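Sharing a structure below in structure tokens format, with a few things to ask.
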Amino acid sequence: MSSWGNYLKISIFGESHGGGIGVVMDGLPAGEFIDREALLLQMGRRAPGKDKAATPRSEADTPEILSGLLNDTTTGAPLCAVIRNTNTRSQDYGNVLSCPRPSHADYTGFVRYHGFNDIRGGGHFSARLTAPLVFAGAVCRQILEKKGISIAAHIASIGHICDSRFNETEIADELMQMLSESTFGLIDRTKESEMRALIEECRMDGDSIGGTIECAVKGMPAGVGSPMFEGVENVISSIVFGVPAVKGIEFGSGFAGSALRGSQNNDAFYYDGDQVRTRTNRHGGILGGISSGMPIIFRTAMKPTPSIAKEQHTVNLMDKTDTTLAIKGRHDPCIVVRAVPVIESVTAIALVNLLKDVNML
Amino acid sequence: MSSWGNYLKISIFGESHGGGIGVVMDGLPAGEFIDREALLLQMGRRAPGKDKAATPRSEADTPEILSGLLNDTTTGAPLCAVIRNTNTRSQDYGNVLSCPRPSHADYTGFVRYHGFNDIRGGGHFSARLTAPLVFAGAVCRQILEKKGISIAAHIASIGHICDSRFNETEIADELMQMLSESTFGLIDRTKESEMRALIEECRMDGDSIGGTIECAVKGMPAGVGSPMFEGVENVISSIVFGVPAVKGIEFGSGFAGSALRGSQNNDAFYYDGDQVRTRTNRHGGILGGISSGMPIIFRTAMKPTPSIAKEQHTVNLMDKTDTTLAIKGRHDPCIVVRAVPVIESVTAIALVNLLKDVNML
Amino acid sequence: MSSWGNYLKISIFGESHGGGIGVVMDGLPAGEFIDREALLLQMGRRAPGKDKAATPRSEADTPEILSGLLNDTTTGAPLCAVIRNTNTRSQDYGNVLSCPRPSHADYTGFVRYHGFNDIRGGGHFSARLTAPLVFAGAVCRQILEKKGISIAAHIASIGHICDSRFNETEIADELMQMLSESTFGLIDRTKESEMRALIEECRMDGDSIGGTIECAVKGMPAGVGSPMFEGVENVISSIVFGVPAVKGIEFGSGFAGSALRGSQNNDAFYYDGDQVRTRTNRHGGILGGISSGMPIIFRTAMKPTPSIAKEQHTVNLMDKTDTTLAIKGRHDPCIVVRAVPVIESVTAIALVNLLKDVNML
Amino acid sequence: MSSWGNYLKISIFGESHGGGIGVVMDGLPAGEFIDREALLLQMGRRAPGKDKAATPRSEADTPEILSGLLNDTTTGAPLCAVIRNTNTRSQDYGNVLSCPRPSHADYTGFVRYHGFNDIRGGGHFSARLTAPLVFAGAVCRQILEKKGISIAAHIASIGHICDSRFNETEIADELMQMLSESTFGLIDRTKESEMRALIEECRMDGDSIGGTIECAVKGMPAGVGSPMFEGVENVISSIVFGVPAVKGIEFGSGFAGSALRGSQNNDAFYYDGDQVRTRTNRHGGILGGISSGMPIIFRTAMKPTPSIAKEQHTVNLMDKTDTTLAIKGRHDPCIVVRAVPVIESVTAIALVNLLKDVNML
């Protein structure tokens, strides 16, 4: 299903080459002023063509808001935004039906929907569907910001080139702000040229490259999340895996922490004035599924763009033979860059749900 | 919430030192024969005291089935199983209320429930609550096995000591069978003594150690899972993070794959007779959230047991001061061992949900 | 929430005087051919201006389908349809904010949304929101018809003027067909002039009149529905009360049956060839929440349109005084007529959910 | 499914002649003191054998609370209560499998579960399953009472003998209190002897009789409920139809109101001090799905007990022939009496959900 959420429900619709894509958000609190400029700024971060490391396509990703806003203020009724599809070149994808692109959803979608799924441009599986996710996330983050909760992510790595990590106990507001507006978000900006060079090299090779994204939430109050299956980790991961190309997620010390001893991985509590904090933050701001008040920090693994120009082995589903395929068309050699605001966005949606669960929204 | 699932719903209840713990399973197909011996075998794999690397406590974890089974066959009505709590030593936990144990849910649960949560033995956050999860999973895996779907996990690592990985394209039935009955599941059994030595060393130190678990699903048909938010990855991760101590999950090539190029990480399709398969399985059996027919393979990161005997820094919530704490009581120095059947179990529950979604159950 | 359904999820959005209204349908089976003409025929039955007993407004209720259909066949991805708002005369509603219309949602919506709800034309509470419901229902009934399941409703009463009832055990296909295309659906057409005269009388009086609608489902297989809270009655009623003005529902013999003895109300089983049927159908085709294979029959009570031209007592929320109100604008003196296809439509949506629950869709 | 609720989830389990029945309540607020005596008082109102008009069976319906309560205070973790099955006489039901009882769920349950459902005593469809509903409702009403919200129902009619109706605008606290503790709840106690005589007459005839129940909620704040599908009417009806024998529900003026004109059925607003109230309450306390602050009033239609001693026509499913059946065993000639606290209970559960939706719990 392309619907998500218990308290704030979002319903994503659309196919890459259909009439349009969009989102319905049901359960927003009434009376929240939404800054349309800030929405467009977030949409722009994800849009192709904004950063030179991304695909050269340019989309008119301007959302039309059909409902739920009056005088730029939420009415409490469902908010629907539609983005028209334009500038599509369907002929690029002419052979997809017979020959599934390796590591795409072409084959599995074909089986799941008995061949009826719209395969033009990946159809409903297209990364273009992240545009309404960013829209919805941009609405949510404005609501969160008024509660003092900010979200920012950065490119933690591209290939083997790594950015610095967030300081796990204290993240400067300026860094949060800078990253949340960036189109090539890095903590250590000296890594940018090296990363861009790698991406360009992959593009020249007709290849692509994967990476990781690290996301932080600052200002999250303690006590948010519910045990077992509605913990912060469950809720975030259940929506993060809705972002195409995500193949892994880890919170706090994550996989590295699993090699440590308890005495190394445990976080000592202390009083900072009246507030309980931890000296370290291996737990990534979440204990027993519930926020501790420390920054929530997690990383996601993004696989390399499966669309590459190099010739690949695949099958012809029509005549049931093995064959080869060279994918034409315009593709990001590295989706990590544009996925940064998407990860932030789904996190914002997840947090609104979590806060509603405990009556904080 | 401690309820999970859309098509098969499970509701877990209980607290470590309360009257009992258990599970209600609502939505099971009718007419499924359930082998009670096989249930107990799975319960036994998780039970403490079965393996010498685990805690010396022994529990009478025999579940009483109150409903939903007649002549050992599912009736279609909700199946409820209750496990009584016995052999509890509450005095071990006397100071928890005032001094939260580092990296436990004591503090966050205290905030979330305004101090009303049962803190004896961790209450509802106790790892003991995984017993009803294993029960529910054991019911599900019997149903799956009749469909030719098997699930097995192994200790992929403890500290820095690593087991071999599953062969990503072909896993022998014998290995699946062996692991799914093991209490110290390894592919490469030569690693056992080294791992046990490390665990014993940690116990002697009053410390603990983390690890990773790798889980495989064999026989999953292609075409299971739904786009965006009900994909196989979303569904599995949303329940896996309900297992205490899990801090990360990755599917297929996961985090390692994020450092690769598309040409390295893509999986070529080919025909194996009439069946579409992939030469490699970096995608972990899932593309676009939908099963490909290849083995589903994922790994979880388990943090080291936070309960350690070493003295730790914490706070006293009553008088708002910093203090130290040495946790007494009996604790697993390495929960990874007993978590293996738990990971298998929640996977089984997730798969029943996914198969119901596409009318295969 | 304006979202409904577990297996097929619908999400309704829009406000009477906003940019547009519509629906997202998530979970439709792939490969279903949808006849657009048949969709428009159903939309037309609900549209104002089609029948002279209804409001003189005419809406361009032509839905634009943005996604989910390719070559008029469902793709399995969410289907979104948008209907633009045109021909709105907002000035008619200028005083609503300060003076809530009696028996409308103006006051309760004001409290619920702290005054931020769009009150123009009733906003999200407007009966106009039934247009996307009819659209969604029209899609569903086409899917049901291929399974041999038909739905038809008629005006069971307007004021004290009653139509005949459905034959409870056997409903002719011709009647089902006729009603499902009618804009003033009656079994006994001789009642039409009397009913129209009463409606016209109310209109002349600046008043309105209520009525009841009886709905039948033919061809429903036995064994659909789940015990307790997902029975056919629960599922239908949970969506039927989403139709504005519905204040009651009864299945089978309903309230009248509650005055009977068991020997009068029980339905004797018998074999009709190989098929189990009942001699009477007091149970309305549902026993224990599960369909029996007999026609499903229920009636809904529709209150009189609250918008009347007569002067009424209300309050001024701004200066906290009692006052009077005469509602201007164009209003149906009897919404029962146009509600008939709406009741059929939500029933169709409910049935698709119920059939998916038991893997029949 | 036997699970219900979004914010407070209840999961009912058990079969009439199985090991036990019970409920899990997930999502209760923490810190609520629960008076166990008051729980038992409510359980006792539903229990058979308490009132001479009911079945002579006596059940040890004492629930055992396994979790979620500590020092009689909710912990926030799921609360599970189990009631053991005793005093069952399975031989009374020996022929049910082959010959379904008319107007019971025997036949439809048989089809739904392919013959695997536990048919002893009605299995999961037994009215005995209302015991855990009353338990859950009794917990909820204690929580509501602290918010000033009280719930009471009475026998509105048995056969054609009618009790008085609630005063629709003002219900005395004493009446609410009296009814909420009664085992034969009437507003006009002079009707009791006539009603009892009718019930006794039916019993002597080997027959049964239906009736209606009217339920009121007092103290409900305005602004509770959400548009379209989570309105108060949707939520209450979706759980009320989970009570066996309910075949209809109407709110406010309901079916009678559908024969009225708008000018008769509309409720004038006025200021009572600072509070907006209505002069009449045809709307039953709900407008647009949202509470108005006036008493919520609804009526349910209960069909006559289908289990009657008179010989009835049915079928033999084994040899596919028509046959007759005389039901032996002990049965309520009128379930309306014991259903009164059940209706109150499910209403209490519904209200807790509704209040959680708007952050009032």
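We just call them A, B, C and D in the order they show up, numbering each chain from 1.
Methods note: a residue touches a chain if its C-beta (ideal position, glycine included) is under 8 Å from a C-beta of that chain, and two chains touch if they have at least 3 such contacts.
Note that the structure is a prediction, hence the values are computed from the model and not measured.
Taking B-C and C-D together, the chain pair joined by more C-beta contacts is C-D.
Set against the Cα centre of chain D, the chain with the most distant centre is A.
Chain B and chain C have Cα centroids separated by 46 Å. Once the centre of each chain is set as its mean CA position, chain B and chain D turn out to be 39 Å apart.
The distance from the centre of chain C to the centre of chain D, with each centre set as the mean of the Cα atoms, comes to 26 Å. Contact with two or more other chains is made by residues 1-3, 12, 77, 112, 124, 227 of chain B.
On chain B, the positions that touch chain D within their shared complex are 1-3, 9, 11-15, 18-22, 24, 26-27, 30-31, 64-68, 70, 73-80, 82, 112-118, 123-124. Interface of chain A with chain B (complex): residues 1-4, 12, 100, 102-105, 107-109, 111-112, 124-125, 129, 157, 159-160, 202, 205, 207-212, 222-231, 233-235, 237-239, 241-242, 244, 246-255, 257-271, 274, 276, 278-279, 282-284, 286-293, 301-308, 310, 312-315, 317, 320-322, 358. Touching chain A in their complex are the following residues of chain D: 6, 77, 227, 359.
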